[in-house]
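Both complexes below contain subunit A, partnered by subunit B and then by subunit C.
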Partner chain A sequence: MGENGGIGKTLANLPTWLYFGLIIIAMAYITLYPLGFPIPISDQTRYVYAAVDVLETGDIFFVNMGYESGTIAFMEPGMVAVFRHAISKGVKLVIMSTAVESPMLVGRLMDKVKPEASGYVYGEDWVHLGFIAGGEPSYASLMGDINGLVTEDYQQTPTSDLPLMAELGAPTHEKIALVGIWTAGGDVIEGWIRQAAVQYDLPLITEVNEMMVPTLLPYYPINLDGILNGGIGAAEYENLSGFAGEAIKLSDMMTMGGLVVLIFLILGNIGFLMTKGGKK
Partner chain B sequence: MADVIGLWISAILTIMITTLAWKDTPVSKTAEHIYLGVITANSIVMAWGSIDSSAIQKIMSGQILYIIPVILGIMAYARYSKENFWIYRYPIALVVGIGVGTAMSGLVGGSVIDQIKSSFWSLNVPGDIGASLNNLIMVVTLVSAMMYFIFTIKATRSPIAIKLSTFGRYAMMAAFGYSFANTIATRINQYAGRIAFLMLEWLQLG
Partner chain C sequence: MSQRTIRRQIPLALTFIVGIIITANWFIDLTPLNDLGNTITNFNTVMVAFMMGFAGVNILMIHTRRIQKNMSQGNMIDVFYSVLLLGSLIIWIAVGIFMGRSSDTYQWMYTNFNLPLSSTAYAATLFYLASATYRVIRARSTETTILVVVSIVVIMGNMPMFVTYIPALMTVKNWLADVVVTAAYRAITIGVGLGGILMGVRTLLAMETGFLGATED
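What follows is the complex of A and B.
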């Protein structure tokens, strides 16, 4: 251990449990004693906010909820904040899912959004269509004639009994003011870019997990009006919109977790340079 | 009561799967298998619901043409038979054809023309030196990264081409680093949600 190679080898091969253990301890500590790290707001988030803020009472916001339980920690707070903002402006919501788990998560999402507190009535002001299979061809059909593709909502109520669905009619894209995609899969967004943004010039906003953002940046801002960058983006949106929620609470944990990873990256690289890198 | 039971199951499964950080154990595997089982069951229910609403109900109401996608769907299962494997190719060909055809309608506009348009940056943004510098970096990075993949130019052994190509390689490495950092951030955020759940909802600390 006294030699450089010994220390370097130790640093380059720190046990996994130590790495995870310290991350858990750091995040648990910061949950109890938040430090309130600053949350600077990115342009990508500002553009999402602007796309929602420009909507008027009665406009229809079409939402594809494509996240699953694994990403709920940062997808849900972003969605709650955007929905609260949209509802504060009297915007109607049409929610569908492209992930089989998502429909189960809509209930807990709307429990947090509380649309009924703003006088929203299911079927008139918001609908939940559940899982829609088919990928990109189904997005094309939805934009063409939503009632031709979807005959019942998630609770198996015929769409003909839902006034909002009658309002959508055909061609559906003419009635939609904004499309929002919450997903962990890039192919979903690319499909929507082609079928909504390129075909009909509809404004498109999205929240994806952080690792998907680099693949979407080439589409921003021409095809994608704004991107919420996972948990950080959700916290920024909560901060910007004034609808403070879970993302702001999580932001300190995310920052602290990132700092611990950074420390380990530095230690690992020092170890590498003292061993293999040093020999070169 | 159901909420409390759900809370405890959720907390126990979170702790069980966290043991994976130490090593793969029967405890972590049990949590993993429970999750997979639940998701598989839900997927089957969702898939059946989708078939029921988009085909079965329509067939029952007299729209007999909807039997065609049902037959095509059944044909897809021929892949599990060595003798009848060829049957499986027809529904797959149709699905791929429809998918590609639909995607093509917006592909040129979204993935080619708009992206080329978005790569035209002004090198002189009046009154904003930062933006001008940023755009210059974007242009040099774009050109050099493209240069890295043009092997015929590199083969000329032009020093400028080689230097640009090398810069392009470093620029791409920086982009990969950004992607890697985002991947780490995603994983941390996912686990932050579970820690927050354990501390705030389950243990009700803080």
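What follows is the complex of A and C.
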């Protein structure tokens, strides 16, 4: 097998502790000493930005918050950036959740968005409806007559006491200017594509986990106006909108994480090919 | 009324009626029909919410039996896990019911237990991802060689550092996404859609009865 076989075998069979250790060191280093890599902006992110940017004061942005605590690191910064952009334009926000945990994340989200700083009043300019069970049939109900399905908000205030809910009325879809979905999974978005984009021709934007983006590409950009590609997409949106936040700070870490995976992918294959060559 | 009528014919008739109303509601813009469709979908939401509560009762029953069984067999570790699960379930339900789901205590419990645990578990996937990429994606054949090359391009295309200095990476990554991936996924999506239509028609016509569960005939 010779020398190539020896080096190849070593590269192809690196011990687990080595690459786990290197990942920890790389992530710790980049956290302590961020390098500030530049962030180019993709078309998918530009389309999300454009969909929010065309909204006018008083328009209603209907948001399905469908992520849970596991994916909060990259979903929340994207949501904060889009909300800040929407609020800067005077857009009203209606937030509901399709994940059981999501309502408990709205508080920390809005603490970062700070709608009150822009004069937003709860019930008039934004509402939080909490978790709504039922999957796709519930999206159909929400687009038909939201007040027929939802009778109280997350704080258990009757929706009849919330002026924004009265404004929505029935048919609800006629009052909505944009639908946004933040979720780690693709099935929720497909439901919304059918019930909002296809049925009522409503513009739809989303942020999903990076690995889910390929599953949504068949719908983009016809039924799905724009896609934020996980944490990278969030960083791009922050960069584009000028509302710098956590995603830009995290982008170095995401780059370093990708770099480590890439190095091991290349090393593993070099080792494999050298060993294979030695055998021949 | 015979058992067959109760177990098969009534559910099948209900499925047909509800299916026809919901399908017609999609295509026909008629206020009474739309209202009826909305009522049915609202009923679905209530049913799903009820089933989530039922799932909680189911967990309670399963783990109570499991604790009894494992105690008799001396598997104290498994007993501990089940007690932990049931204890957490009961505490969460009690706090939610008596103090309110939007109370500070409920939020505090979520922020200080659930949030860090879930985030840590998800963050740990980076290690498994790196490990799996290193061990599995190897150029063993022509197909896997293509996979390796595409993986390298996509990973680099997702990293701002590389895209900034090699703009062509973004072009190649976009071409892969817009042409190759979209074409493949559209084919799959259309296939799944056609399968869904077929399954829907078969269910409406009572040719697909798996959802009724096991039957004698």
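By definition in this document, the second predicted complex is superposed on the first by the 272 of 280 C-alpha atoms of A that agree within 3 Å, B and C clash if a C-alpha of one lies under 4 Å from a C-alpha of the other, contacts with A are read in each partner's own complex, and residues count from 1 in each chain.
By definition in this document, contacts are C-beta pairs under 8 Å (C-beta built on N, C-alpha and C of every residue); 3 or more make two chains touch, one makes a residue touch a chain.
Source: prediction; values computed, not measured.
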- Between subunit B (first) and subunit C (second), which does A:Q155 come into contact with in this model arrangement: first, second, both, or neither? second
- Query: Is A:K249 contacted by the first partner subunit B, the second partner subunit C, both or neither?
  - Reply: first
- Query: Touching A:I39, do we find subunit B (first), subunit C (second), both, or neither?
  - Reply: second
- Task: Name the contact category of A:F272: first (subunit B only), second (subunit C only), both, or neither.
- Result: second
- Pick one for A:V261: touches subunit B only (first), subunit C only (second), both, or neither. both
- Message: Is A:I222 touching anything from subunit B or subunit C once the two structures are fitted on A? First, second, both or neither.
- Response: first
- Query: What is the contact status of A:Y49 with respect to subunit B (first) and subunit C (second): first, second, both, or neither?
  - Reply: neither
- Message: Just to be sure I read the superposition right, which of the two partners does A:I193 touch: subunit B = first, subunit C = second, or both, or neither?
- Response: first
- Task: Figure out whether A:G135 sits in contact with subunit B (first) or subunit C (second), or with both, or with neither.
- Result: both
- Query: What is the shared patch of subunit A, the residues that subunit B and subunit C both contact?
  - Reply: 16, 19-20, 23, 27, 70-73, 100-101, 103-104, 130, 132-133, 135, 137, 140, 149, 156, 199, 210, 213-214, 218, 229, 232, 254, 257-258, 261
- If you look only at subunit B, which of its residues touch subunit A in the complex? 18, 21-23, 39, 42-43, 46-47, 49-50, 53-54, 57-58, 98-99, 102-103, 105-107, 109-111, 114-115, 117-118, 175, 178-179, 182-186, 188-196, 198-200, 205-206
- Query: Once bound in the complex, which stretches of subunit A touch subunit B?
  - Reply: 16-17, 19-21, 23-24, 27-28, 31-32, 70-74, 100-101, 103-104, 130-133, 135-137, 140, 149, 151-152, 156, 190-191, 193-195, 197-199, 209-214, 218-219, 221-223, 229-232, 246, 249-250, 253-254, 257-258, 261
- Within the complex, which stretch of subunit C touches subunit A? 26, 34, 37-38, 40-42, 44-49, 52, 100-102, 106-107, 110-111, 114-115, 118-119, 121-123, 126-127, 129-131, 133-135, 137-140, 148, 151-152, 155-156, 158-161, 163-164, 167, 170, 174, 177-178, 181-182, 185-186, 189
- What part of subunit A is in contact with subunit C in the complex they form? 14, 16, 19-20, 23, 27, 37-40, 42-43, 68-73, 100-101, 103-104, 107-108, 130, 132-135, 137-138, 140-141, 144-145, 148-149, 154-156, 199, 210, 213-215, 217-218, 220, 229, 232, 235, 251, 254-255, 257-262, 264-269, 272-273
